[in-house]
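A, B and C label the chains in the order they appear, each numbered from 1.
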Amino acid sequence: MTAPIVQFDGVSRRFGELLAVDDANLEIYPGEVLAVLGENGAGKSTLMKMLYGIHPPSTGRILIDEKPSTIEGPADAMSNGIGMVFQHFSQLPALSVYDNLLLAWPQTPFWTGRRNPRIAPALQTLSRLAPEVNPRAKLAELSVGEQQLVELCKVLNISARIVIFDEPTSVLTPAEARSLHGFIRQLAEDGAAVILITHKLADVEACADRIAVMRRGGIVDISQRGDREMSEIVSLMMGKEVKRTLSAPKPLKRRVQQLFIDKVCAEAPGAALHDISLTIARGEVVGIAGVAGNGQTLLAEVVAGIHPVTSGDVVLDGGSIARFAENDTLATSLGYIPEQPRQNAVVDGMTLARNLNLRALAKGARSDEVNPEDLLRRFNVNPPEPDRLAGTLSGGNLQKLVSARELGSFRSGILACYPTMGLDLAAIEMVYGEIFAQAEAGAAVLWISEDLDDLLVAAHRIAVLREGRLVAIKTNDGTLSRDEIGALMTGLNTSEAAA
Amino acid sequence: MNGFNRSRLVIAGVTCFAFITLTLVFFALLGKPPFEMLAKLAIFAVGDAYSISQTLAKTTPILLCALAAAVPGRLGLISVGAEGQLYAGAIAGTAAVLAAPALPGILLVPFMLMSAALGGAAYGYVPGLLRARLNINETIITLVLNYVSVLLVNALVFGPWKDPDSQGWPATISFPQGAILPALPGTRIHLGLLLAVALAIGLHLFFTKSRMAPKIQILAGNRKVGEMFGLNFGFWVIALMALGGAIAGIAGIAEVSAIQGRLQPTISLGYGLTGFLVAWLSRHQPLIILPVALLVGGVVAGSDALQLYAKVPAASAVILQGLLFATALAVPGIMKNMRFGLER
Amino acid sequence: MNVELFVTLAPWAIATLRSATPLIFATLGETLTQRVGVINLGIEGEMLVGACVGFAVGVATGNPWFGLLAGSAAGGTLSLLHAALVLGAKANQIGSGLAVWMIALGTTSYFGRALVGQQVTPLPSLGSPATDGVPFLGVFFSQMTMGVPLAIAAVVFASWWLAHTRPGLRWRAVGESAIVSAENGIRPNLVRLQAIVVGGLLAGFGGAILSVDYTQTWAQEMTKGRGLIAVGLVIVARWRPALVLPIGIVFGLAEVATLRVQSLGSIISPHLLATAPYLAVVVILIVSHAFARRGSSMPADLKSVFA
């Protein structure tokens, strides 16, 4: 029986009043892939960040090679052979690939010029894993998949014995995810202890040897893969019997065009849209699938009238709602739920009540349209105190606050971007419920999502966005497959994608 | 009083205490008896009618410049241009007087004030425009432009506007009686102070109760969200920068008209920067600016008198203000650090 | 080269270089500081104390080099206040810089009174009997002091150091993201402290050159906003040390041109002419913003200060 390389012994971590990790006991062995599975907020990342030295445990201890860990920060972790591939890459997009690799490499010499022969080892993994990537390129110019490979190179460069992956496939296409699963298995076969933090069952099924399920900060189950049915694992994750309530959309009786996106072109630093045309009917839900970074944000901002179009138009209910010049004054007529609500949709320093009422306040009107407390409760915003400052809310609650504002009354057009990001299952059900209720009442809904499974269940049609173009608009008649959409997302044809 | 306000009051108290301590240290380093100096400072600030008049005379431009910084500050803009706008207003106001020196006071004073306001507004408009259209940081532009209008005043009083009778002293003619701001007899408390207080109250109402107040709050809190709901950031940048400039312009002509009686090279003793400091300390809230400006005005007037009577260096006022500013910046952070240390 | 052309241009070139030198040091210092994500408006104050202390020590010891070193040290010491406020007390960077400037204004005004009218031993010129005879360059050497070559060397070295060394890489990383840098084992606050102090040392040196070498005198507020201008020029130089040199030279040229026109006794008021360098800065900033791609080269962590 090999000795565990890492042991968590009664580890807890508290942030103020929040108990993020509660008495975790776990052993990790070299040569295996341990999946740490759980919903958003279960404590998986925090647990592993303690191993990596980003936070110290509030109680308990961590043992490495059966001795208490002396790691006080990421630098110590790296020199002890622990590598972490972060969910939001630990990268500096404005610097070159070369610079990013050298930054993370403990043996970088004083002189970092290309001619220095001591630099060579750091670049070898890059040429092995991603030979088509130019080390001189700025990291921002790479695709997300390539960026993740660079992250992986950083870890390989430190000859890590323990590798932690934090939600690595959340931004990848199905094909890229498969490729990554291969790397993960290879790492374990080469002797490293691999920890895979994820909430996706596909990751677990592809590469896990053991599965640890976390819920609300505690480790509720540890099992070998195969010991349990997937549905059991899911129940352990969620804590109750779960039925997805997302259901297939009701077919439209007639098509009444409501939201027109007409040959829209737009430009922004790092992204561009080319000839986007799409019509959405009254009551129709159209989903936009695509790898992150292919123009989704720009598309959303153009349709919402935030970013100007260079040509084309967006028409709602017969009236143009597009912005044509940077300095135009234009209020969005859509119900718009942007991504990253804290930055894009709320004013931190104002109360919840005022945030709910922003439309009216911006027009100079005074009256409240809706009772704020009722609205907060209906959308499960916690705590439902209208006079609380929005800045004190968590990310998930802000998402709900924005949903409350935008979905709280009828809108003829709705643009929802990743509307369930960061929410727990109950909240996800609630938000989807509200969005689809709006559709049934006659709204035209444009829905940008990262979850292909959700789109395949609930959208009337699915459009695929790649490199700023809509490369396909497919009717969701039950025959679409994930691989087919995945291939369209990346541009591979289906046979290559399945390989 | 909820916890939020209580902690603000505590911070204010600690800041005052720290500042007074630093002031005592400052006096000790100068070789003067610290407590005695501090007492003298207070007496020279508010000890008798004359002192109070001096304090109020200093408070007026400081108050106006503070409002000039606070107006754009409500939108999150950091404008340190009150000094330059003050001089620009002085030029414009003087131009009005030189153009129509024979007008009766009842017409000349408003004409002069409005010209000054327009001149200051124009000088605030330029950096506002650059920020709104080209996103050029207004702090740097306003700081650089400060030097320009000071030099323009020099160019005018050494050149075309020079009073031929003044024998080599660079200055315009003395302002006619009609152009002198009315003041309380025998004191230096003039109309400018009244205007300043009225402006403070008016701005308070504007920024809290008017229909436009939430618009500014939204844009200041999150520009993107504001624009999403139809607000125009650029418009407000220009409007508030110009308004701030106008207020500083009035400060400029007030100094020229009521205190100096004519346009000369040195109008302001750094009131622009002092005003910025006051606005900052008051979190850009006009009602708080009133007492803080008075306090700082007292420190400045008192230091001036100390210089005459106790041989304390003239630069003390500036040093003390810098110390006050630094203390106010340091205290909240240090207190937060201490609280964290206790919690751990 | 046409000898007459050279004879006309050489004095301009030399004067431009000498005029630009203090500004180059200050701008270089602020560039390095901003590259780690900190803005320091206090360099105006650091230049001022550098000029004051540098002059005082130069006069007292009779050795200009001691003056330059002392001025540099004074600038570095003052910058510690900014570092303490910004890094220690998490104070607002712009406010802190202005506070530092204010304190410097006051203290140099007080201590400088004794220095007005004093004479300082200037730096020796680079000329020597060996070089005087050399055509073209001989003129350059005989009218320049070590200030100019030091400025050029500093820019070249800083540019190389930032781009091609490990510590330079770490500084750039901190400027892009303190969080990611910490994840890579760097201590961002330590790096920021170092950069602020280096900025202060360079600004203080620039100020000392201004009083000891260029003007060889002390006057109240003699930096006249050069430090603030430097902050603006950092943006024009797109935060690249290498560009500090040409941009400093452009500004030096503007100053020299102003002085020449003034001395030619034109009818334009010398005060009006004196506004030219400041207006030039505004124009340069406008041009730079109009042509630059949106926010592309600003170190990412700096954006939160400006936003």
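Going forward, a residue touches a chain if its C-beta (ideal position, glycine included) is under 8 Å from a C-beta of that chain, and two chains touch if they have at least 3 such contacts.
This one's a predicted model, so the numbers in the text were calculated from it and none came from an experiment.
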Winner on C-beta contact pairs when A-B is weighed against B-C: B-C
Furthest chain, CA centroid comparison against subunit A: B
Chain centre separation (subunit A, subunit C; CA means) in Å: 45
Distance from the mean Cα position of subunit B to that of subunit A, given in whole angstrom: 49
Chain centre separation in whole Å, for subunit C relative to subunit B (CA means): 29
Residues of subunit C engaged with two or more neighbouring chains: 294
Per-residue overlap in subunit B, given as positions that touch at least 2 other chains: none
Subunit A-touching residues of subunit B, taken from the complex the two chains share: 133, 211-212, 214-215, 217-218, 220-222, 224-232, 234-235
Subunit C residues within the subunit B interface of the complex: 41, 81, 84-85, 88-92, 94-96, 98-107, 109-110, 113, 224-225, 228-229, 231-232, 235, 269, 271-272, 274-275, 278-279, 281-282, 285-286, 289-290, 294, 306
Residues of subunit A touching subunit C in the complex: 54, 73-76, 78, 84, 86, 90-95, 99, 102-104, 106, 108-113, 269
Complex contact set, residues of subunit B against subunit C: 78, 80, 130, 134-137, 139-141, 143-148, 151-152, 154-155, 158-159, 270, 273, 276-277, 280, 313-323, 325-326, 329-334, 336-337
Subunit C to subunit A touching residues, read off their complex: 164-170, 172-173, 176-177, 180-186, 293-297, 299-300
